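Consider the two complexes below, in which subunit A is the common component and subunit B and subunit C are the respective partners.
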Partner chain A sequence: MKVLVVNNMAPFVWGGAEELAVHLQRNLVAAGHESEILRLPFQWEPSTGIPAQMLYVRAMELWNVDKVIALKFPAYLIRHPNKVLWLLHQYRQAYDLFDAGHTNLPSGEDGDALRTVIRGADNEAFAESRAIFTNSEVTRQRLLKYNGFDATVLPPPLNDPERFPGGQGEGYVFAGGRVNGMKRQHLLVEAMVHAGPGSRLVVAGPPDTPEDAVRLQELVERHGLTDRVRLDLRFLARAEYADYLNRSNAVAYLPFDEDSLGYVAMEAATAGKPIISTTDSGGILGLARHQSTGWVVAPDPGALAGVIDAAMVGARKGDDYGRAARELWQGLGIDWPTTIEALLR
Partner chain B sequence: MKLVMFTPGLRTSAIGRMASIVVRELTAKGVEVIVVRCEAESFLPKSSHPFDVPVFSWTDDTAVGEAIATADLVVYHVGDNFAFHKGAIAWLGRCPGVVCLHDFYLGHLFHGWAHSREGSGNNEAAHILRSLYGKDADLRFSKAACRTSFIAETAATMPCTEWVCAMASAVVTHSSWGIQRVLNSCPGPVRVVPLPYETLTRGHVVTEEAGVPGQVRVLTIGHANPNKRMDSVIRAIGGAPWLRANAVYRHVGHIDTAAFMDLSALATGLGVDFVASGEVDDAALEQAFAWANVVSCLRMPSLEAASASAIESMLYGKAILVSDGGFYAEIEDGCAVRVEGTNEIASIRRALEQLAGDPVGRESLGVRAREWAERTFRADAYAAELIELSGTSGTHPPFVNATKFFFDTLARWGGDARWLTVPSVLEPIAIFDATGTDAT
Partner chain C sequence: MRIALCSTFVPFIQGGARNIVEWLQEMLEREGHHVERIYLPEVDSTDSLMRQMAAFRWIDLSIADRVICFRPQSHLISHPHKILWFIHHIRSFYDLWDSPYRGFPDDSYHRDLRDAVHEVDTKAILEARHVFTNSRVVSDRLKTFNGVDSEVLYPPVFDSGRFHCRGFNDEIVYVCRVEHHKRQHLLVEAMRHTRSGVRLRVCGRASNDSYAEMLTGLVAEHGLGDKVTIENRWISEDEKIDLLADCLGAAYIPLDEDSYGYPSVEASHAGKALLTTTDSGGVLELVTDGDNGFVVEPEPEAIAAALDRLYDDATLARRMGERARERLDELNISWSHVLRRLLA
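Then we have the complex of A and B:
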């Protein structure tokens, strides 16, 4: 089958969605199909330019394609009689982020008109799709609430699970991935002020902005944590990243209201590591369950200090939680062959 | 070249008469024309203006479909009367073409169309109104439609002109006063071409009846709508003793019972000699023009792109009274007597007294009007314009199709026409515009 993966692109910006599209295409090929990626440029500023870009996507004609798998707004507006959506993102600034006051749409009549067009287009695309999958329960609920369409949750599999066999913990909590305010690594650093002297923390990953890096460095300096907190703030090779994770006692990942299970949590579960998260971390709680697969506490340094200590000293309990995390993850059946089969069914 | 023309054929339709004149000119220029009569089904068996070309009914799907499939151009005459243009709207939605727009107000046409769609299980009409005029437009429109003030309430804000023009690949209309809404909504070229018309005698001057010396014989022709200001003419005559004694006011055309009763009672009360002749044949109409020495072509409000009766009156060499607005404001100075809208009755009275008191000046006015009308309202020019449009807006011009695709898509998504004025939407599709100057 000739399967076209359709995704957005912002030139010279690369993130999780782009990575996912690449692995989806590779796994389609591995499953015996022909597959390519069509990446459609999308620029959301100024917001008045959004309808034009929606129209251009809609105007495109595809041929020599048996099936389309579309991932994001507005790429999923593309017309094809055999289209399935694997919904990573609607334009949230017209939906929940609008309600929360975090939107780039203008206020008043113009903003209302924009939201009407976006919702109308979305509803048309959803109605004409053969099937809709979402990357998480959060995305599914949002779709149901705002557009009235139900979907099947199909979390993205790990792209390289073989890198995460796990291993003996070497006495630190690992916080990996992009570093920014929404991922809240600063809460972990602040928790270390209250944690026991034997606890150690490694934060490793690329900061979104120089300010994100400076913020963590200043916290460590101010509280005299240089001997117990290691900041490795750069883009890490996958091998380096996996090595940090496999040698940790536990993996901490506390984004605010994340849509999906989160790659960091999925990698931790694959490696059999307990997961530390917070009660407001959204989709992460699909894998992080308090005193089952790890610890889920309030997003404050005091509470986090307690579970960091627990991860250091309670090695046997940590191992149990790690095993439970791995079993939970494996029980979800989230792997590429299953995912490809579902998308092409 | 092959052209399919949708028009009412009914003899009482002035548009049908104009269309027959244009068809004759097109045929003379070697164009193969097929006429599709577009009146409501009940009118189709009735006799038609003469068309010396094949004539189909719009309800004949197979014949019309085959004619369109091989046509170079499809032309739709559209005016504000659903019963006369039902088939044009039905086919325009299926196949874009050049719209000859006879009225800048299409509220009655839309209302009739919306009524015909009731029970179809969708809210298409409401959606169109909302997308054109705002979120509660459908409610405002339907409330207004129940009232006698329907035109007054909707003409300025919801004329429905955009509804038809957005479906057109090009628009030919007959004056400029209401052109902005056409330009805003038609995705293709828009042309202003004077309405071609001719007298029943086709150019032969009709000698005015001698009649009673000094008598003022005032004529109004056409459907006796309130906007023809017949009551104002009666009041103007009735308010001046000399006119009351020396003027006769005659109406020729359809008049419903209620209007007849009202106008007759008004005339009787004011002592005005008023005669309603009803609908008449061509010979009687010609006689009516011969009888008249003044023709009242007043309209308030004025909503037509052009007035066939005003043009016809000028072609007969008659002195005409016109309102000072709309199409009538575009009549050349010295070819009509303009009546002020703000002081209408007094202004009509002054005009009638002036024309009655100066037979020579009245005759000169009629001659100037005839000469100007003969130069201006030409069927050959109109036919030539349609032929030229076939080159730039055939049935499937790319720019029109692209714009229509975008417009329809936005409308389906709940968007309104505002997005087609946003440069980020319009500029990229200009590459499809063969007439564009900035297509690089």
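Then we have the complex of A and C:
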């Protein structure tokens, strides 16, 4: 089957959605299909230019394509008789972010008109699609609340699960991934002030801004944690990242209110590592279950210190939690062959 | 510089138009530019054409410092610093109107549509800071139909340094897609009339099996099996380099092509004489009869005579091959020239 993956393009920017589209395309090919990616430029500033760009996507004509898998607004407005959506997100500034006061749409009548146009086009695209999948429960709930369409949750699988076989813990808690205020690595560093002398922490990943790095470095120095907290703040090759994770006792991931299961938690579960998270981490709690697959505590340094210590000393308990995390993850059946099958069903 | 390369495509069809875009991207990135490649779908359907054309006007690429547009109708994109490297019109509304390839009736609806396409095209082309084309043929069409002056910027091949000359065997090679309008059959028929020991090798994937069968049928029917080889398959880049390095000369004899064609430029880089025909169109911008090859009538006998001359006169074959290489410089067929002009 000729499957066209249709995605947005913010010209000269490459991000997670682009990466997902590439892996989707590769896995379609691996499943025996022909597949290409169509990337449609989208510029959301100024917001008054959004309707013209919705129109251009709608006016495009596709030929020689058996099936379309569209990922984002406005790419999913493209017309095709056999279109399915794998919704990563709508134009949130017209929906939940508008309600939260975070929007680039003008206030008053002009903004209302833009929202009406966006909602109208969205509803038309949703109605004409053969099926709608979302990347997370949060995206599904939003779609249901604002547009009245139900969807099936289809979380994006890991792209390289073979890198995470796990292994013997070498006595540290690992916090990987992008470093910023929302991911709250600083809470872990602060927790180390209260943790026992035998506990160790490794934070490794690219800081979003230089300030994000400085903040952690200052905390470590101020509290004299240099011999127990290792900061490796840079972009890591996948092999380096996986090595840190496979050799850890537990993986800590405590973003604020994340939409999805989170790649970091998925990787930890694949490797059979217990997951440390917090009660307000949103989608992560789909994998992190307190005293089952790891520890879920309040987002404060004192509570976190206790579970970091537990991950150090309670090796046997940690092993049990890690095994449970892997079983829970494998039971979800989130892998590329299953995902491709669902999208093309 | 942030440069957006804009072209159109038909999903799942690897047309040659992708080469010029993707090779240019590679060369620009080597120079440190930030390049975004934008392929948009375009279908030559008269009913939806105007709507599709409008779509190009609504795309916002203002974040790019410069856009370079290739295949139609990407030239309709609006940008304050738009450069065109124009490779063809929607030809059924232009030079193919009075031909069997038009594909729709010559009625008032389609004449009005044609006039509208011409008008919109001309306006959009005139918005560009500079208009380049891939050949004299296309530049002439832009002048005739749109009244627009343009500069010919011949598309180079990728990594031309790969091609080299190792010697001269007794084979004329034709490395190209096997298709009726590339006229491999004319070469096979010519081999019935050769008197020397010259041999022919036709290689390339046939898009249509019946044409390939016709070629092998010709070879069998005329008992040419010992001097003609037909390889109906995809030829790898490395194989092509070897074939060109060792051959006596190269043929490229399409019917009325727009541009000179990559096969003839590759053979020139390998220092080999070119054989083409008087009705091959853009190829004649590259090949001059008696200089860097032969330009003969599209008749088997005439082609056979030229093949025999190359075989019989080793000095001539070598000299023409050297001239073929020099001719590339005379026409400025190089990436350094292309980058200098596109970024001026």
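We adopt the following convention: the second predicted complex is superposed on the first by the 344 of 345 C-alpha atoms of A that agree within 3 Å, B and C clash if a C-alpha of one lies under 4 Å from a C-alpha of the other, contacts with A are read in each partner's own complex, and residues count from 1 in each chain.
We take it that a residue touches a chain if its C-beta (ideal position, glycine included) is under 8 Å from a C-beta of that chain, and two chains touch if they have at least 3 such contacts.
Note that the structure is predicted; figures quoted are calculated from it, not measured.
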| item | value |
| --- | --- |
| More subunit A residues in contact [subunit B versus subunit C] | C |
| Touched partner set for A:12, first subunit B, second subunit C, both or neither | second |
| Partner chain in contact with A:2 - subunit B first, subunit C second, else both or neither | second |
| Touching partner for A:65 - first (subunit B), second (subunit C), both, neither | second |
| Subunit B versus subunit C as contact partner of A:121, first or second or both or neither | first |
| First, second, both or neither for A:36, with subunit B first and subunit C second | second |
| First, second, both or neither for A:49, with subunit B first and subunit C second | both |
| Overlapping contact positions on subunit A, where the subunit C interface meets the subunit B interface | 49, 52, 55-56, 59 |
| Subunit B-facing residues of subunit A, complex | 48-49, 51-52, 54-56, 58-59, 113, 116-117, 119-121, 124 |
| Touch list for subunit B against partner subunit A, complex | 402, 405-406, 409-410, 412-416, 418-419, 422, 424-425, 428 |
| Interface residues, subunit A side, partner subunit C - complex | 2, 4, 9, 11-12, 34, 36, 38-41, 43, 49, 52-53, 55-57, 59-65 |
| Residue numbers on subunit C that touch subunit A, as the complex places them | 2, 4, 10-13, 34, 36, 38-43, 45, 48, 51-52, 54-64 |
